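In the two complexes below, chain A is the common chain; its partner is chain B in one and chain C in the other.
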Partner chain A sequence: MAASILKTIACATARSTLPKTFRISTFMHLKVQKRGYDQYRMRYLKEMYQKRLDVGPEKQRRRSEWINWNYDAEIYAFGQRLGEEFNESTLRQAFINRSYVEGERKKREELGIDIEAVPLQLEDNTELAEEGFALMSSYVKVYLRNIYPYMFEEGISAVHDYLTTDKMLAHIAKHVGCEDLILSEEFPVLESTLSTAFKAVIGALFNDKGQEQAERFVRDFVITQLIEKDINELWHIVNPMGLLKAMLSLNGKGEPEPRLLWKSGANTIMSLYWVGIYSDKEFIAKSPGETVLIAEEMAAREAIKRIMKTDDSRAPLIIGRAAENLMLDYNRVNISAEDIIQKFYEKSHSEKNSSTS
Partner chain B sequence: MAHNRVMQWAVLARTWWIYDANQQCPFRSAYRLTTYLQGLHKPVYHRHGDVGDHVVVFNTRHIAMRGEFWRTYKHFHHTRFAGGFSRASAYRVHEEDPTRILERACHNRLSGLDNKRTLMKRLHLFPDEEIPEEILENVTGQIQQVQAIPKKLEDYSQREIDSFPRLFKMPEDYDIESYKRENRLEPDQHTSKAWRLK
Partner chain C sequence: MSNNAIPRDFLKNVLQNGMGRYVCQLQRITFRFCKSHPGSRHMRDFIENHMLDFTQKNPGVVVYLQPRRHRPPSIVAEFLNGRREMMEMIDKEPEEICKWTEHMRGRSGVQIVNMIRNNHTETPSTQGIWHPFMFRDSETALTKFPNPQLSAVKQTGKTATDYLLEEVEKK
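And then the complex of A and B:
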């Protein structure tokens, strides 16, 4: 009894404390009647639906076109969100695209303002982006070379290219929150614009806080995109067996010899073959496949993965707090697969010549 | 590239197993074979995943039943018409179709599964040792038999039989041949009239 009384009191107070700015017109049609049938509601909703179809979809607008937009606060919040202390003017410059500066200049010309008398104090982010990209590009390569010291230089480049494409950088920039801050003529913002802005943010950090902080930023936001990604799939090896043959020969081992280890369902559509690769009667790697040829090629790839020490049992990437004390060798260059193949051919040619003479 | 694709292929590809049903209990065999048919032996098994293997069984004509089961174990059937019920002893069914007993045993083992018919299609039964070549080429693994094959009296040499220690001597007038007599007059009480041996 007491509980029910309390409940009614609570209801009554809730109703009496409704805000005065409550807009009844937008709310009432959502209210469900309990004791009747609202015969006009369905017609009303249908009408509204038809109107929306006639008018078409809502026009895409910049976030800054709404009234509750404070660019200064957003610029400040951007740095705070990422835990970085930017110099405000540098960060502002990082978001100014070249098209925006040109647009502003054109507007002034149309208005008849002399640009030399009243200079346009705007600088675009092109230079910052170049600086940022140079730093990011070199750090990504240095980091990968040190983490995967046995990976071929071509593989390192492939992973680097994957990380520094416009698409990937635009993806990062979008999710870090650059899209609303960018000042550019075109809308919606292009991938290239987003990527330039992200590079410029790195450049701005490099100018303001130095190399170490900028590299930490790259590690936290760019290299982390490799998580859950198989780096072996990023580099397409055209002739894995040829590369394996060259590697084994230069290490003084015998030629790779593929052997059929196991097969099942040979006459069915789901046939399976396991091929192993041996050198000097020693097992190197094995792999499955739908046919013997596919399995053999895959086994060669598996062998190369083992040589590069990037096989499936590799250690996870060192990122985050563990990477703070990473001792990176900035001058390191890994072995190149092209060099190995060239050496192998020179060696085989000289052997042939010596045997004939 | 694409090495992960073939790894997945290897996980999901179906293996073909072979099983020799010679002198094996059909019910205990069914327990083992349905494990392979459903894929219960795989770490990736899930009820809703289709990961079962193929099983090839030969020598189903030579299965062994314990006790009096050849006579007392029944197969039932109803045509759903009035009076359409019939039943048959296991030995009678076995005469009609030598793969039937093992097939029904596996079928009953899988009762309650939605994909029972799909699984049963992956069970290949052959009454004798002859298996088509294209099926034999698919086979990779062998399933262990459920019981050791017993040695029959015929397999012992006469010398071994004679040297076996005799505990007592039969009386001279003891009839030891009578169990071999064909008792045609006695009807098979356990089989419906329609199915009885003529």
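And then the complex of A and C:
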């Protein structure tokens, strides 16, 4: 007890002798031997950590703001990386977004430069993107129709839409290195801007090297995104049983007849039903489900998958070197599910009318 | 401990690379060194003797040189997936710098992680996974259990009792 009182008195006297500007913490440190390098480095790091918390995260900057940046070299490397020989001026144009041109024009107006006297020699990538998109869109459809000849036209469109969304194209554009090269007003670069730039790159290739080379590019970078993707999930069929019924009836077969094959764990949360679909007592497809209705619908989907020949055991996509000599029929159009259902209704109506009259 | 701290993941392929055509995933590489300090001696040697070979072989990679006064040498690799990796080149001889440059060129840019398995697929089975009903006789679908016929012991061949009875009859 006495020792602790003595200690506090000693401390108090020591404190009173110090000038007021001294902090207690500094004073405490004076007692510790400080010869090591880590003594002040620790404090420095703590200070920097606190400062970072106060200031907030670093501002996002364009890659071109750093000193190691050479746009000419980057443009050259872009073509070389992808194994394509672009015309340099077209490739440069492919990366100029419309917002950039407008921004430049505005800047000149603010500076008081007459645009007519000193014309802004910049063309944006809108036209190239339109050309590129038209080529990509048609080639993706032609390719899919030839690879999946039995798939319905609606399914082909669904897969095509999946491949040509802004999200997918922006993803591809980022991974071939477009993001840093794009000239646009906004930053970070928007998905739509990335997608336009990628379309414009295809357009530039089409202009420089022709249709065949551009199609090869689309096949290698866009269509490969279907790998490991279940294409049957991309097309949502609203009434699979109706479509199956129409298909079977037009082929001269009997109505689809769902039968319960197996069941297990009924009235539990782990219930399982296997429903098979038969037509003229011939097995077509079967599928499991939590309830009989779900299993029946899934079995109908399975049957349509079989009809379209896109089941899980289908052959892999023909891409890469194997696709070099692919003979594609450009005028091919697959059967449309809508047509089939329409025909089926016309047929059933005429049968009804004839039976009543 | 370290096994928990190091991230674990499946094998990944960036943008299905190599399925259509192969694209080198190294986008740009920066060699940082000091022009005068002896610490950067090997890096300067590398730049004089080996760097041009690398650039000629890989026109798709943008190479930058960044002299920094009295700072240790290093290489910075930037990959197409947006990742950037810095590696110190202190005390590394030109041959070793060549090796690390090649290492960066051959990488996919994905963070180096522990592999959960050496192979990975999104479609483990094309013919459908096994389920308890797969090879079951369809007759059992309508049978009511317990069934005396199905509960009977399956007999294959002669039993010991049969054999003994036969022997007795013979005698």
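Quick note on the criterion: the second predicted complex is superposed on the first by the 313 of 357 C-alpha atoms of A that agree within 3 Å, B and C clash if a C-alpha of one lies under 4 Å from a C-alpha of the other, contacts with A are read in each partner's own complex, and residues count from 1 in each chain.
Criterion: a contact is a pair of C-beta atoms (placed from the backbone, for glycine too) under 8 Å apart; a residue touches a chain by one contact, two chains touch by 3 or more.
Predicted model, so just to flag it, every value in this text is computed and none were measured.
After superposition onto chain A, partners chain B and chain C are found to sit side by side with no clash. Between chain B and chain C, it is C that contacts the larger number of residues in chain A.
By the touch criterion stated above, A:Ser313 is placed in contact with chain C alone, chain B being left untouched.
In the superposition on chain A, contact of A:Pro288 is made with both chain B and chain C. Using the contact criterion defined above for the overlaid structures, shared-chain residue A:Met298 touches chain B, although it does not reach chain C. Contact with both chain B and chain C is seen for A:Trp274 once the two complexes are overlaid on the shared chain.
Legend: residue contacts after superposition of the two complexes on their common chain; A:Ala73 is shown touching chain C, with no touch to chain B.
Touch criterion not met for A:Gly242: it reaches neither chain B nor chain C. In the superposed model, A:Gly103 makes contact with neither chain B nor chain C.
When the two complexes are overlaid on their common chain A, residue A:Gln225 makes contact with chain C while staying clear of chain B.
Minimum Cα-Cα distance between chain B and chain C in the superposed model: 5 Å. Annotation: chain A residues 262, 264, 274, 288 touch chain B in one complex and chain C in the other. Of all the residues in chain A, the ones that touch chain C in their complex are 67-70, 73-74, 76-77, 80-83, 171-172, 174-177, 179-180, 219-221, 223-225, 227-229, 261-262, 264, 274, 288, 312-313, 319-320. By the touch criterion given at the top, residues 1-4, 6-7, 9-10, 12-16, 54, 134-135, 137-138, 140-141 of chain B touch chain A in their complex. Across the complex, chain A is touched by residues 14-16, 19-21, 23-24, 27-28, 30, 59-62, 64, 66, 80-82, 121-123, 125-128, 131-133, 136, 138, 141 of chain C. Put simply, chain A touches chain B in their complex at residues 230, 232-233, 235-237, 262-268, 270-272, 274, 287-290, 294-295, 298, 301-302, 305.
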